[in-house]
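See the structures that follow.
Heads up, the next two complexes both have chain A, just with different partners, chain B and then chain C.
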Partner chain A sequence: MNRRVRIAAAVGLAALVAGCAEDAPQDMFQPAGPNAQSIYDLSVPVFIIAGVIGVIVMVFIAIIVVKFRDRGQAIPDQVHGKPTLEIILTIIPALILIGVAIPTVGTIMALNDTSDTECVINVTGQQWWWEIDYPTQSGCGSGIDQPIITSGQMVIPIGTPVLVRGTSRDVIHSWWIPRLNGKRDMVPGRVHTNRIEADEPGIYAGQCTEFCGLSHANMRMEVIAMTPEDFEAWKLNQTKPYESPAEGTLAAKGEQTFISQCARCHQVNGLEDADGAPIVSRPDLSVYSGAAPNLTHLMTRNTFAGAAYNLLTPECRPKVWNAPSETVGAEYLKGVTPDCLNSVELREWLRNAPAKKPMYADPTKLEATDGLTRGMPNLALSEDQIDELVAYLLERH
Partner chain B sequence: MAIIERPTDTPALAGAGAAVTPSSSYGNFRRPVQATGWKSWAFTVDHKKIGIMYGVVAMVFFFVGGIEALLIRAQLAQPNGTILSADKYNQMFTMHATTMVFLFVMPMAAAFANYMMPLQIGARDVAFPRLNALSLWLFVFGGIFINSSWILGGAADGGWFMYAPNSSVPFSPTNGVDFWTLGLLITGVASQVGAINLIVTALNMRAPGMKLMRMPIFTWMALVVQFLLLFSIPVITVALFLLMFQRNFGANFFSVEAGADPLLWQHLFWLFGHPEVYILVLPSFGIISEVLPTFSRKPLFGYPFVVFSGAAIGFVGFGVWAHHMFAAGLGPISVAVFSVATMAIAVPTGVKIINWTLTMWGGKLWFTTAMLFAIGLIVQFTIGGLSGVTHAVAPSDTQQTDTYYIVAHFHYVIFGGAVLGLFAGIYYWWPKVFGKMLSEKIGRWNFWLMIIGMNMTFGPMHILGLQGQPRRMYIWTGDRAGDGFFDLAFWNLVASIGSLVLGIGAFLFLVNVWVSRKNPPAPADPWDARSLEWLTTNPPKEHNFDRIPTVHTLDEFFHRKYEDVGEGDQHDYKQVATGAEVIELEEKYADAHIHLPSPSYWPMVLAISLPIIGYGVIFNTLLIVAGAAIAVLALFGWALEPPTADESEFDPPAPDGDQPSKELAVSV
Partner chain C sequence: MFTTGSKFLVGAAVLATLSAIAYGVTQDGIMGTVGLGSAAVALWFLAGLNLYTRDNNYWADEIASIEQAPAAVPAPANSVWPFAFAFGAAVLAVGLVTYQAVFIIGVVLLLVSGAEWTAEAWAQSASADTGHNANVRDRIANPLEFPLAAAIGIGVVVYAFSRVMLFLSKTNTVIAFAVLGSIVIALAFFFAYRPRVPSKAAAVVIGVGALGLIAGGAAAGLSGEREIHPHETTSGLNEEGVDICTSPDEFEADLKASQSVSATAAVAATITLGSDGELSYDLNGPSAPGAVGITLPRSNPNNIIFQNRSGEPRRLSASLGTMVAEGSTNEVPVLMCTTLVDDGGAQNMTMRIDLPSITTPGGYSFFVPGVESAELNLVVP
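Now for the complex of A and B:
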């Protein structure tokens, strides 16, 4: 093989590796915040050390296999070992590992420090979605006056260290946004914390990583980091008062359908019944975990049902998800517009949720949970009702 | 004990036995003394037959677990796979791990320990032959019991780690977890009984002259493993008991609403689960520590270092369990301690790799299939060990845990470490056990396809994991696959194709067994081997050794064949006898009176009572009573049965009735 071919091959390979590649969104080698960065800084040298040792062992074995193969030589000397050599070869790896252990312990202690956080966000796992709520506080930018409850997507301001406090309502789940920090199990009966901070605006994907039953694979989440100004706009929108749909529209019918079919479990803040009394959902009467996503501002998020499905059509999704960091906040704040609504999947969901996402909702098989479902049951809605609900939900901005 | 403690010539004892035992009144329940036919296997107490049955049943489970693995990879070959439902997928990965760990690697290692340990230490059987049969049948029935869940409402679906509270009834309403819990309790008894048996065997039944530091290295590693089992099986038994009471009898050990802490289960499980990793790999380390010296024509380099590093691994292995819980929220001090302890255990493991390579250094390497598997183990296990160091670093592990990177790591450790070692052992000892050679040609295909297959399957999983693909997910989505070189879709497909190559490679082993079944008898010493198990015929006689050998050195068999004729520091080894000649000499001086214990029904009867109780716990309390009654009957029958069958139980009985015909006639 001549030199030119070799160079071409090397360039081609490098291009393949680096050039056209876009790594997966959960790649743990693309840290986007100080916590993930310190893990990255610690782990890369260990990978290099491990790789070098691995290559040395392989080469050594290859040499032995070639050099000492049976070529009719005499029976070798029956050497039982060389204690000095052995002791040296025991001490060397021990020293290497001490060299790894010291920065490891330092990083463990540093990562545990959450005293500098300026914003508290609670996450609660349940089968198979994350609830995210912002308690009232003076932190998180200009402060939070009334609690914000959302699900699936956590919005944070960049450059602000956030204390994620997590627990679970049923089984163990694990909160993991690889580009921001390592994972933390969220355990029922315990509150665990995780510090996250994003350097740049962007959408950081994550996934539940503790096996949590049937739809574990469909339990995802995202952190959307935006500039402090965009974050203030987002907060303002999340706390604006409820507006009923205009009289006589499809969405107005949808409001009634929502009240009769969905409001038992799903809260829409500000929704009132015919007497003007606020409607408070009681998911604990129907769902084993006792919770269902708050849908007040569903269309400000761009995923649904445990962040497993897109509210944006395949054409619109990249415009937000692949937006450069300067515009991603603005794109996200546009929410889901009628022309971008992924009504195909939303309708599939409304038509028969457990058929789309595996859940325990078969009414004949709920003996173990006293008739409570785990996940959303099939509501047997008519196509007209689904049309109305889609129209209603589309206005939940 | 029956064998060694029984005096060789005691008609008085035989007479007394006849007086106090009810064996003569059994009628149809005469002891199954047949030397041929299925009864000679089903009721045997011979460690060799038991070892073979352990191996055969473990192999069956290997292919069951392999099919489960192929289904998992088929499901994951494409995004949003539809071959398995979420429910079936969760059962599949739970049972794949359960089957491979508890029903293949552990019993396969038990097969080798059972068969080889008495031979390697110059004994005629294990210390408690009937307990040995009990272990076997508990394992067999326990394995069948767990797998019967497939047709009785679905298998366990909580993962082999079965974390609470996901294992409780509201979250896993089928009986699958009950089958899993009760089945593992049963196989746990098998392991515990086997551990006690083999510990006593290794410590008490070594041939004259075999000091502990002359014990073959496989026996040493098997002994360490038995101690690990002895101390770790009780822990998982406690955990499984709590889970059984949680699910079946209304207990609240894992009910969070009643104040339970779900981390209790994790600590109990991993306090068992981490020693379990060493239970899986140390037997294979022992096997290749026999294979490498044999085919390098050199003693094991640094035998005492290998022994003590094995013991050190066993010891430190109990102090690293929480490295499975770095993301569980233990607090920084615990995490730091366990992180450093985990790094510490890498040192004795590294010592082993260094010693294996230095064993080959300066040798005269003979690349048989067994040797290829042994070298394959060193290479593959090194990769798994080094990736292990990358997640001993706890902060890195919080990124890596529960991703495919971990799946890659432990498959390099368990497939690359344990399974390749077991295959090395199978190829090495096949002529010893079955008296025939396996085809070396098919063996090579078997080896290379398995190596290529495993690297194609598990190698890409490093990339998948580091790119953020979590484990235990029945589907993955194209949305999060990326593109270019690290495209998850590409590497998932490669892994799935690799699993097929691996499956074909493993299947070639069965082909090899089939093709080789009519091979001519193997030579007496086909590998020019070194340790005591080769100091007898292939396969060994029922009583193993014609005379109990006296041991003068490590690698006794080698030194009976070769003598150092060099002068001073100048060594020169000359063959003074062939293996066959050495064995012939033993036959010439055979012991005149050799006593072996007789077969017995009771181990199997006792073993079958436990699955009956298990079905009772799940389906009907009456079955518990029936099973318990059988257990009591079996215990009494067992306790009252003499070690050796009474003369009247043979068919036809010997005419004079006082000469125990179980005393083997050995031609002198």
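Now for the complex of A and C:
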């Protein structure tokens, strides 16, 4: 084979193989709900039309290049203008474009419709994680009468059209769960909507799709869809009252360490100081974005810090993530049990968060400026403190 | 007999020799004397070589070659740009170790004089005719110079005027500029009807005027601006302890307040006061069905639009708990509000709330002063 042909073949093969992925959780060609399905139903025929036209054009170009190549023949007659041909070649593409535009505009309008959604969830992006809160409402199953606030993982009931209302606390981020819908930019000062709905229980992954700084690639999120019954159980658990660790335990020490080291940024609902007054975090005084994840029920999620790291060990994770749709809800609701806790990753995070998740390209900036940091700072904790904190956090179910 | 190169070298050699002697006598240092002596030897050697070869300048002595030389080209007139360029470099260097502003002036000076110098030098080689060369230069450079000079000139005039205006009191400014304007118009008439007045006189008048303006601007700028009464705002009054947010009455802050919002898409919520005296709201998307109020993210700038459809001028207020006033132990209510919105009008309010609503017994709420029934819960998780 001629060298050029070989290179072309190799490039073509590489391009083809690049399209293969065995485990592709963020695949818009595997729609898992009606919104993604409508995008899929639009993009496949449009892709086929575009592909056929592309092939026809390429074939014509090839024929012309080969057939009329310079063999020393005389230059043919030069004609100027051929109105019939020109009109035909204008009208045909226009008709094709109109044919594509009608279903496209229809789909876009349908995807923007917010009138029929039955559950409203707010998401707020910041460098580099998503906060998710459930406003009080009668929707979302049997209703929500106390706001729920979590991060990284959004839990929704299946078969329910959910309206995501999103904004951002710092820069523009973009919310995209490819198997549930297209993407939507989340812009500071504005509220944009994105409807999602899942047909089957499962874990649907996504990630921020608008470059938002150094750890943009570590800004991920998941939607966990579960049956309405499981969802009710999840809600109930999210609003249950706070329980202090049993006295004398490591976790009880951890609670004190948490109050002294972490509570200025992280809210744990129900946590009280020695006088019995509620402890209210003030992340706005410590972090640029003005927010830090609420850790009240940390162990009910199974990823952390922008869903970039696992709270489950590599052995336990597949039990939840690869569970069939009948059991995935129940598996998820188990949360992180002591034997499944990925203490390696969690400890790494507590030991030096910026070392795990890059927050500044320039390490000299890691020091707080005007008392503010981007993301979670290195708190220089001792290994004993970390032990206590892990024990305390493990009880945050 | 002495050619250009040898003049330089002989001079340098003499200098080095004298320096070596002077150094040896005054500093009695071996190393310095040896160094300067070596330089002197090297320079004398080069000077000798140069004298011998006559600078490699074959016609230095040949009268014939001088007689056959082409006609003299008029030397270009003295140029200010090399000087400005060097000055710019010096200013830049000084700026490096002092102030950034000085550095920037140096850079600008360097760039401008460099460009001018280049244009001039380029034009000088256009032909043997200096007049023509000057024209060439002008054709290239004027299209850039004139607008730039005009921009700078206008900038200086405007800035100087503004300083003077800000320095004088409100009434004095009006008087001063009315008088000044009259003088300018009078002068313009005078020059227009007396075309025979020498243009030099006009130039002098304008020059004196410009100088006066710049001097006045500088003087006024240095002595600062007059006290300017700031327009009251609801938040400002609030901070001063004026209960504007709980009052249905009109304050100065309410005068000339904006009554419409240009961008209404994608706000966090639109709150409407209806003619029935109730507050209703529209979130971007459905109101969370059965919600007990609006939920807004904490520590986030949330834009709320208030629409008034009640028939009376009203303001929307938000009650956001209490806080301990600075320098005291008194709890004071935290309030936020729009100015009075006329019937049919709308106004935007941006709220950033840093504490969750659970910190206040009873939570946060929106209300309308003077309308008892208008109340709406605000949840900040």
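The definition used in the following text is that the second predicted complex is superposed on the first by the 358 of 397 C-alpha atoms of A that agree within 3 Å, B and C clash if a C-alpha of one lies under 4 Å from a C-alpha of the other, contacts with A are read in each partner's own complex, and residues count from 1 in each chain.
FYI, a contact is a pair of C-beta atoms (placed from the backbone, for glycine too) under 8 Å apart; a residue touches a chain by one contact, two chains touch by 3 or more.
Just so it is clear, the model here is predicted, and its values are computed rather than measured.
K.L.:
Both complexes share chain A, so when I overlay them there, do chain B and chain C fit or clash?
P.N.:
Clash - chain B and chain C, as placed by superposing on chain A, overlap.
K.L.:
Could you say whether A:G189 touches chain B, chain C, both of them, or neither, answering first, second, both or neither?
P.N.:
both
K.L.:
Would you check which partner chain A:I75 touches, where first means chain B only, second means chain C only, and both and neither mean what they say?
P.N.:
first
K.L.:
Using the touch definition from the top, say if A:S138 reaches chain B (first), chain C (second), both or neither.
P.N.:
Once the two structures are laid over each other on A, A:S138 reaches chain C alone.
K.L.:
Applying the document's definition of touch, where does A:T117 land relative to chain B and chain C: first, second, both, or neither?
P.N.:
So A:T117 only meets chain C here.
K.L.:
In the overlay, work out which of chain B or chain C sits against more residues of chain A.
P.N.:
Partner touching more chain A residues in the overlay: B.
K.L.:
Tell me the contact category for A:Q26 with respect to chain B and chain C: first, second, both or neither.
P.N.:
It touches chain B, and chain C stays clear.
K.L.:
On the A-aligned overlay, A:R165 touches which partner chain: chain B = first, chain C = second, or both, or neither?
P.N.:
The second partner, chain C, only.
K.L.:
Which holds for A:L236: it touches chain B only (first), chain C only (second), both, or neither?
P.N.:
In the superposed model, A:L236 contacts neither chain B nor chain C.
K.L.:
Clash with chain B: which of chain C's stretches 127-135, 271-279 or 325-333?
P.N.:
Only one listed stretch clashes with chain B, namely 127-135.
K.L.:
Considering each complex separately, which residues of chain A are in contact with chain B in the first and with chain C in the second?
P.N.:
187-190, 192
K.L.:
Provide the residue numbers of chain A that touch chain B in the complex, in ascending order.
P.N.:
Contacts found on chain A: 16-17, 19-29, 36, 38-39, 42-43, 46-47, 50-51, 53-54, 57-58, 60-61, 64-65, 68-70, 73-83, 85-86, 89-90, 93-94, 97, 100-101, 104-105, 107-109, 111-112, 127, 170-172, 174, 176, 178, 181-185, 187-190, 192, 205, 207-218, 288, 310, 358, 360, 365, 367-369, 374.
K.L.:
For chain B, which residues count as touching chain A in their complex?
P.N.:
85-87, 90, 157-159, 163, 165-166, 169-173, 256, 259-263, 296-305, 327-329, 331-332, 335-336, 339-340, 343-344, 346-347, 350-351, 353-355, 357-358, 360-367, 375, 378-379, 382-383, 386-387, 389-390, 392-403, 466-476, 479-488, 554-555, 562, 564, 571-573, 575
K.L.:
Chain A touches which residues of chain C in the complex?
P.N.:
The contact residues of chain C facing chain A are 265-268, 283-286, 288-295, 297-303, 350, 354-356, 358-359, 379, 381.
K.L.:
Spell out the residues on chain A that touch chain C in their complex, using ranges where they run on.
P.N.:
Chain A residues touching chain C: 114-115, 117-118, 120, 122, 124, 131, 133, 135-139, 143, 145, 147-149, 163, 165, 167, 169, 187-193, 267, 269, 278, 280, 282-284, 289-291.
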